[in-house]
Amino acid sequence: MTTKVTVWNEYRHERNDPAVGALYPNGIYGAIASFLSEAGFETRTATLDEPEHGLTDDVLRGTDVLVWWGHLAHGEVGDETVRKVKERVLDGMGLIVLHSGHHSKIFKALMGTSCDLLWREADEKERLWVVSPGHPIVEGIGAYIELEKEEMYGEHFDVPAPDELIFTSWFEGGEVFRSGCAYVRGNGKIFYFRPGHETYPTYYHKDIQRVIANAAAWARPVRRSRPAYGNAKPLERIGGKA
Amino acid sequence: MTTKVTVWNEYRHERNDPAVGALYPNGIYGAIASFLSEAGFETRTATLDEPEHGLTDDVLRGTDVLVWWGHLAHGEVGDETVRKVKERVLDGMGLIVLHSGHHSKIFKALMGTSCDLLWREADEKERLWVVSPGHPIVEGIGAYIELEKEEMYGEHFDVPAPDELIFTSWFEGGEVFRSGCAYVRGNGKIFYFRPGHETYPTYYHKDIQRVIANAAAWARPVRRSRPAYGNAKPLERIGGKA
Amino acid sequence: MTTKVTVWNEYRHERNDPAVGALYPNGIYGAIASFLSEAGFETRTATLDEPEHGLTDDVLRGTDVLVWWGHLAHGEVGDETVRKVKERVLDGMGLIVLHSGHHSKIFKALMGTSCDLLWREADEKERLWVVSPGHPIVEGIGAYIELEKEEMYGEHFDVPAPDELIFTSWFEGGEVFRSGCAYVRGNGKIFYFRPGHETYPTYYHKDIQRVIANAAAWARPVRRSRPAYGNAKPLERIGGKA
Amino acid sequence: MTTKVTVWNEYRHERNDPAVGALYPNGIYGAIASFLSEAGFETRTATLDEPEHGLTDDVLRGTDVLVWWGHLAHGEVGDETVRKVKERVLDGMGLIVLHSGHHSKIFKALMGTSCDLLWREADEKERLWVVSPGHPIVEGIGAYIELEKEEMYGEHFDVPAPDELIFTSWFEGGEVFRSGCAYVRGNGKIFYFRPGHETYPTYYHKDIQRVIANAAAWARPVRRSRPAYGNAKPLERIGGKA
């Protein structure tokens, strides 16, 4: 059964900044959807300025894994959409949060912390070291991924300790960062993946594409209903009573 | 340096239900503050119906560890108070969430999940087994704590996997529950401890008191500022540039 | 690509105890290999009394996931075999340790702890509650699995805190147990699954079969070499030197 | 009650290499014992070439926390000593493993993995970033600790995912490393702390001293017996039988 991925993108930088538009002429979402389609996923896209941000009930119901890229306009995402996306994650939908999405409403709501970090735009080298070599998210990836120029994100990254730490980044300017973090929340799996500043061709890098595709496969929902909650009858006799 | 504990309590059952009032004549908060004082903590109390729910900026600033018991009126706790308590936890204040506090706004905001569970009121036996025998929270506690009558909470408990699982409960009616869960969020430590339904004398049980006192000692803030976040200058030369 | 599973079994009870022999006429290994074959795995078997316990270098190299059931004769498993199996796990081979295998040399060597527990043979009911509802190991499983009669294993279970806790058991006699524990060690994935005492028809239970099959799929190696270790040349200039 | 720390040291480099001897005239153990005594611990020392490596039953029984520094001669530590130290850790004794101790028999026995890593001696800068800002081990420590010259250890570090990751190191030559790793095994707490190559004055650095002292306080045993294991009578009636 094909995994259905929806790639959500703020899609503002690409339209407002000619340099970004030249780099990602079909939007960041287009670049991501393109390599995920090639990898065999059934993909659709959604953007901030569509009605309901493109994330209607129908779209969410039909989404196995949601990829999220936002930056400038986190505040414009409606609270009702955030609530629905969160419910779908707890129901089992996978969520892949990219780069500046660390400050999105949905990621912060699921993490429960500020998700703050250090940052710098200085065209510096990032090297993402694999620290969980047997994880399916790093299948096909070498000891590290090297990106010649990226924005820096540095520790402390104010997130809960990841359930699985997959990558740790080295930055030329002297910082480190937990750059690939896997979480389980409710029935859903979440993967935060750091790289992907809008001014760099990061999403054309084969290893970055491979990691995102691996993550989408890993994050697909298990075929299993969300647990029942609430009042429960006893399964055994209590106090000798029937 | 004495650890300053504030015991917060909804304090409604005790006033509205004579049986609960008879059991906890000084409120659940009074019972908890009493044994924590005896254990050497500097304690104060706060309740829902005080101005700002008793949790003014001054009180929160002066609190090392906050104990939370709420049940009926989670919705009446103001969002601004929840926001402030959450900030203080991320700053380092400890938080001990008791029993029905699993559904409090503050616990759900910090966990990022529904915090739902199965439940039943049937006067049944609970046995809390220690699964982390070397943890400071179980100092002085035997292999298990037995409570003759308690409300049942059963799995699935929709919380993130605890950073440390301390207790797991057995219930007479056939369920199990992760009943002592430790978390770190930001600079703060959080302990969820299941027992303590208002109709049972649970907070008079010596082992339950010991666990809560141990947890208050464990959760005290480390003397260390919250990390700085935001834009950062490089610590090393980038691209051969000074 | 088919996952290759080798089912290892002590195969002593079945030959020495007529009741066990009647229950598992083809050995416990035969019962397990049978349902794994039906589930689409390429299975082979190996037993203690074969040369090299059936685990030659060729067999180990050709094994993606090793299932282990031992009880009476842990001490008869040669240290060299244990060393080789451990190396293969660190290289990426999956390992599923069943029931009394908690005391096997290989499990203790990989855990680093005593792996001790409480136990009792009293024909009592076990109910395995799912505590990680979104995990692939519980795909197709309900809220719990009920076994009418099993041996009891109780806490404290002296293992490292599992990387993922999947099941927790309730026992009729009053104990609880972390009965489904997932670990990563080196490149390899390990799943400990509690049920399966030799005198009960546990391995004929459809849900137990499903869990073991799910675990075998989850534990298959990622296509990725084990990391290189040892002396390393710098990737960047040090101290201004080339 | 004073915490009793035993500082164990191979004490070979200091005697065989004049440069190391000049740096640590009282042995590495002497330097460590000195700052721990000043910090209020009751300290003793033990070295490889003493009878039973200085770790007699009496010494081990009287040790709350054992600090371990070895490098050249891991193979000369007797298996019986390793077995006894491991038992004491499972009983609750704390263990702080420093630097090249990652390859000691005792650390590998407790971890269950190869504990391999990348390494390089190139007088390069190490910067240890705090990733768990609320942990007692980093009380009094800033955002990072900078060491002008150290040996490099790089990922992949073949250890189980730490129960708590406290520090991550940046190295000038381009690598990262999980350099402060906390574990619980049995009743005992273990802290692996990377820095401390014998040719550098690392153990005279105030922040390094503070971390080791904090770790010794954190790792002290909880006053609680190791759990009982083995056959257990039921706590509840089984199958309606008394």
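Here the chain labels run A, B, C and D in written order, and each chain numbers its own residues starting at 1.
We take it that a residue touches a chain if its C-beta (ideal position, glycine included) is under 8 Å from a C-beta of that chain, and two chains touch if they have at least 3 such contacts.
The structure presented is a predicted model; accordingly, all values stated were derived computationally and were not measured.
The chains in contact with chain A as well as with chain D are B, C. Looking at which positions face the partner, chain A and chain B present mostly the same ones, since more than half of the interface numbers are shared. The geometric centre of chain C is 31 Å away from that of chain D, both derived from CA atoms. Residue numbers of chain D whose C-beta contacts span two or more other chains: 127, 130, 132-133, 143, 154-156, 161, 163-164, 172, 174-175, 184, 186, 227-228, 235-236. For chain D in complex with chain A, the residues that touch the partner chain are 127, 129-133, 143, 154-157, 161, 164-165, 168-171, 174-176, 178.
The touching residues of chain B, when paired with chain D in their complex, are 92, 127, 130, 132-136, 138-141, 143, 163-164, 172, 184, 186-189, 221-224, 226-228, 235-236. Put simply, chain C touches chain D in their complex at residues 90, 109-114, 116-120, 122-125, 152, 154-156, 158, 160-161, 163, 172-175, 183-186, 227-236, 238-239.
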